[in-house]
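See the structures that follow.
Heads up, the next two complexes both have chain A, just with different partners, chain B and then chain C.
After this line comes the complex of A and B, so read on.
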């Protein structure tokens, strides 16, 4: 009788203790090929510039620029050119530079909300061709204002990607130190009004191919 | 004492029956709820704080990190800079990552949280984490999350 009573109490306690837990199904989610671009891949990771680096560097530079009074604190918003024309890749990493400059420009434009104006100098040929059609009377003037000239820029982003590699020939381990520098140039006076630097070092087997 | 046995048996039977009924009366989508339980005070969102996400880093007694100082200040252009001074309590170098979500005065998140920013902590040393908001006057609160570097 004593054993039965003990068993009953133990069972009740065990069930009660189970009820006291949060009951959250704390298990991993369903497997998928999609990954978070903001975090390094647990499956494929090398020493080159990867998605998380592009997101991190553009996020950092964007926030830094918006906290600069010359760039984002003026009563009349400065006109800025951000493209890859003067942004060079001198590193041993294969990377499409436009991924950095495009993300930086777009994130900056979305966050700036009029504090900075962006000029699409990359597309000036397209704009000039349309303006010529309008002025030659081939097309009408459109529905927005016409101006004597297109917008002149106050500042332009320049920069470069550089790297220093160290390779252990016996193990094929590669250590790559990467620097991505950004500078904003005053297009009238030639001075540097803002600069930012992003650097990182990765060490791994250099067996990942970047395309 | 003899009264304890039927009572415990009754509780056990009720719990077993409840757990094994096979029908979930709450099946289907339900409105999201805010978890409020005094037994777990840290599950709520506390603005203007630094939180450590990884269990291995966060314990008060054995946790690897200590947050020495944190706060926020406004920059010349009107954005807000949130910061935290973090100390490595171990004898080993640590890599951690931090990110910040900024909120307005009503507690509404302003945009996405910042990108994870990697921080290197030498053994027993401190390092500062800083993040800038993109918004200006509307920024009223910050919320810094720290995790182990990935």
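After this line comes the complex of A and C, so read on.
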């Protein structure tokens, strides 16, 4: 009987000690939720480029390009390169530029429905390697066609992301004006056949304890 | 049981960070992010990231710096923790740690360094620009946005990107803060960046620790750096003192809140003392005063509340600090040398080489022929405790 009582006391003590604070963070998490990429997240907000900016800028540029007769109104569809090779970031926002150029190219291709042809110059090394395998007889010729060379481009997208920052040191009000410029360059003649500009300004003020 | 707990902790870490077997000090630093108080998350992320960078785990360092910078870059407009830190009943340390301006600037500095290692000089430049903005909050106007290290790195990024106009503007600005600094030649493609010393320390001073003061790191002697490469000995330029950046900022807006809290505490202490005196007399005289004694009992209750309020008011400044930052950063630019190995020597204030700190480091060159060499005099585990 004594052993049973001793065991019960030990168990109770063990349970009580388990309830004592250990200083270890054991707070509950938060279930995953999908958020709309077109709206600002309520959790993390700053003055940099966010998802809604990328969606807005690419949507607007896509519509603008499709309404340009030189680009989308020709009898033979122009060949266009849209990648981040000549798209530079001179702003104070860190960004993966491919997020802008990839979305623009993909959305444009879907909406253009053959009115523009897109060249994957980024993958030219891969294409050349496969062509070499076919021509060397390592693989067969495939099922589509053989061409003497790969496609040459008519136009290429260039652009620049720039920003101007301002900080009011007395109120810690921070503002960032961002400008994203796009230009389509004629790859034979060097002229600019289309250009577009997207700009926005964000202002935020941190809590006084962080100023 | 112990294995179970370790597994549980590892499961709480970002997938990529936990996927690789990390050295013990780094594992401990990463685990601390999840196990410590949530308001220390950014501090622990920054310290773990610096350790990861120092140990050569750049991917993990990048993830950790990104996570920390997400919090640093976000704006706390309606934060519960921020409201608590402003209130009378919590220390300033109750707030989520985002660091003082010099710490935020250094977080961008390391992020930029990782971008340079990856050959992404555009994002490196963006990081340095953002870091420089953090320094714009200095209370003392003459020390506002004077982070010469970030100015130089922004200009260097433009220089190697071939944007000479942008580079020239920033180099010119740099000369106003560091007159006599030898600007890079057009042929320079290698950046050597070496850190010395230990992090500035934050200490609580004043009544009840309501004032934040800075002290330099302890127990280090190195003050200057030189490198030996291709048979030449070259001195590095000390471009930034992190301790200077920390200590020259001036007052913070939160300091007046803390000062107000101290004043409240002193006032309630006085009220408590005055009213307690009356109440003590009343208690002694109660039998003689009869019904009037009840009034004095109320007075005693007021004294109790005032004493309780005094004891509950917390006005201590937040003295958490990023402990594995350096004391100084030294730089040198030069044309790409033939050798890829560089010997780094550290000198004390009298110009004597500290032999035990001498090390050999490798130059890393990206696809475009741009090189970076970054080293620290001391491992990121050699830190001062608060």
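As a working rule, the second predicted complex is superposed on the first by the 170 of 211 C-alpha atoms of A that agree within 3 Å, B and C clash if a C-alpha of one lies under 4 Å from a C-alpha of the other, contacts with A are read in each partner's own complex, and residues count from 1 in each chain.
One rule holds for everything that comes next: a contact is a pair of C-beta atoms (placed from the backbone, for glycine too) under 8 Å apart; a residue touches a chain by one contact, two chains touch by 3 or more.
Treat the numbers as computed from the prediction; the structure is a model and nothing was measured.
A.B. asks: For A:210 in the superposed arrangement: first (chain B), second (chain C), both or neither?
C.D. replies: The second partner, chain C, only.
A.B. asks: One more residue to check, A:101. First (chain B), second (chain C), both or neither?
C.D. replies: neither
A.B. asks: Given the touch rule stated above, what does A:38 touch, chain B (first), chain C (second), both, or neither?
C.D. replies: first
A.B. asks: Determine, under the contact definition given at the top, whether A:67 touches first (chain B), second (chain C), both, or neither.
C.D. replies: first
A.B. asks: Between chain B and chain C, whom does A:178 touch in the aligned arrangement: first, second, both, or neither?
C.D. replies: It touches nothing on chain B or chain C.
A.B. asks: Can you tell me which positions in chain B touch chain A when the two form their complex?
C.D. replies: For chain B paired with chain A, touching residues are 4-5, 8-9, 11-12, 15-16, 19, 75-79, 81, 111, 114-118, 131-135, 150.
A.B. asks: Would you mind writing out the residues of chain A in touch with chain C in their complex?
C.D. replies: Chain A residues touching chain C: 24-25, 27, 43-48, 88-95, 97, 163, 165, 167, 169, 172, 174, 204-211.
A.B. asks: What does chain A use to touch chain B in their complex?
C.D. replies: 4-5, 8-9, 11-12, 15-16, 19, 38-40, 52, 55-56, 59-60, 62-64, 66-69, 71-73, 111-112, 200
A.B. asks: State the interface residues of chain C toward chain A in the complex, per the touch definition above.
C.D. replies: On the chain C side, the touching residues are 34-38, 70-71, 73-77, 79, 82, 85-86, 92, 95, 98, 111, 115, 122-123, 125-127, 129-130, 133, 136-139, 141, 144, 161, 163, 166, 252-254, 257.
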